[in-house]
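Labels for the chains are A, B, C and D, by order of writing; each one numbers its residues from 1.
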Amino acid sequence: MFVNKDTVMVYDTDYQGVAHYAAYYRFFTDAIENYKKQVLGIDINAVSNELWFVVVESKAQYYKSLHINDVISVELNPVVSDSKKSITFNLKIKIDKTGETATEGYLTMVSINPKVWKSVEMPQNLIEKFKS
Amino acid sequence: MFVNKDTVMVYDTDYQGVAHYAAYYRFFTDAIENYKKQVLGIDINAVSNELWFVVVESKAQYYKSLHINDVISVELNPVVSDSKKSITFNLKIKIDKTGETATEGYLTMVSINPKVWKSVEMPQNLIEKFKS
Amino acid sequence: MFVNKDTVMVYDTDYQGVAHYAAYYRFFTDAIENYKKQVLGIDINAVSNELWFVVVESKAQYYKSLHINDVISVELNPVVSDSKKSITFNLKIKIDKTGETATEGYLTMVSINPKVWKSVEMPQNLIEKFKS
Amino acid sequence: MFVNKDTVMVYDTDYQGVAHYAAYYRFFTDAIENYKKQVLGIDINAVSNELWFVVVESKAQYYKSLHINDVISVELNPVVSDSKKSITFNLKIKIDKTGETATEGYLTMVSINPKVWKSVEMPQNLIEKFKS
């Protein structure tokens, strides 16, 4: 499990005073990007000219609202599909102060060849890294 | 069924050349907001000082990428829960040019009293409007 | 002068209850995009594979805060530079209800050849359209 | 001078492959927020129920485009106005790899009492912190 620390910023909030739907995209993306840099050593979206990842499914349940300046821990667990053509990042957001789970969800990305925009199997060495 | 026409703008895209995850938030929100104004005649997020709607669950499946300047139709179908405390907006995005379904998903919102931040039943007249 | 009608949406606001800095980017961009489509009949950012526009300067003064659901008129006046290599879009946001000027500013874009990322003169027929 | 390190993320880019106008809002905001936390120990936007800061003017010149994964240094220099009612954050973005200045600009914020939404003088101890 990879954990990314983050803070709810002014641009993550709306006039209802809590983090909005799109902010979770930032929280999830930042966790995935930092996992990629610190654990995989690659750019997960555009690994190369022949291997990109694109989001095909996303789901999130919002149990607790997040407020400005909340310090959060975004927990990330990657699961490679049996087809080796997609990866699901399971994500959980916890509020550091209280330990409460604020959000649970996932993003599923498919590996494609951007030249033909078709799904392809991920290279074995990348699969190993996801599983380690 | 309510249909909202929209166009993929420059700020909806990222360097991979297609609409990003957060753009769908805008497409969904704009459809809900226009539905609210044109059909319900209310502000769905903050109906009054005693009735707000907050997102508790979201899901989307992305079948086809959306590109800059694509004209889209966002179809919206609201379903009130048996508890009368939540509303699910089923959403489908179609690409006008080809008729293809690009995205399917939903947003579920719970009606709360913002003063105590607790769920409450929606007023009957609002439920009627959602069902009509 | 071109006028674009817009409405302050939930995603344009932050927890201080007013439209945030980045929302103005949307208001300005939507005005420019609609001007482009309705008046010029082109895509101002990527006119062709050999002519793109990129923002080189932006300025805005915020006199009045904008609130959720405010209906606004974004006035746009384009001015072509003497070098014919840049265009300044002067922008003014007025609040329809009161007629007050909320914001004044401009965006300056340079025309470039994206293949070499160098500034180039705009074609004469485009300059004519900006001036008409 | 305060320096904030940042990285250009996928959501900062658009289909032209470079950081878009609104991304600079994030770069500037993150620099100001981190300056606030690390140097001032306060929340610059909503210092208290009686003291908020709101943006009244912004300007930026974009000399060099920023690309995905660019590591940047955002330099911040605060200047208190003679009226003691506003603060200008001068900002400069440098690309770490080349040392080039990509962007120069400023954000000016006025201190207000949010209850009456009128400008007020900043407290002397805050002014001292800005000047130190």
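A few notes on this one:
Please note the rule applied: a contact is a pair of C-beta atoms (placed from the backbone, for glycine too) under 8 Å apart; a residue touches a chain by one contact, two chains touch by 3 or more.
Computed from a prediction, not measured in an experiment: that's the story for all the values here.
Across the two interfaces under comparison, A-B and B-C, the one joined by more C-beta contacts turns out to be A-B.
Summarising the inter-chain layout, the chain whose CA centre lies farthest from the centre of chain D is B. Separating the centre of chain A from that of chain C, both taken as means of CA atoms, is a distance of 33 Å. One simple way to say how far apart two chains are is to compare their mean CA positions; for chain A and chain B this gives 22 Å.
The mean-CA centres of chain B and chain C are about 27 angstrom from one another, to the nearest whole unit. Among all residues of chain C, those that touch two or more other chains are 10-11, 15-16, 18, 20, 22, 25-26, 29, 45-46, 68. Chain B meets chain C in the complex at residues 9-11, 25-26, 29-30, 33, 43, 45-46, 68-69. Those residues of chain C that touch chain A in the shared complex are 10-11, 13-18, 20, 22, 67-68. Listed in rising order, the residues of chain B touching chain A in the complex are 15-16, 18, 20-22, 25-26, 29, 45-46, 52, 54-63, 65, 107, 114, 117.
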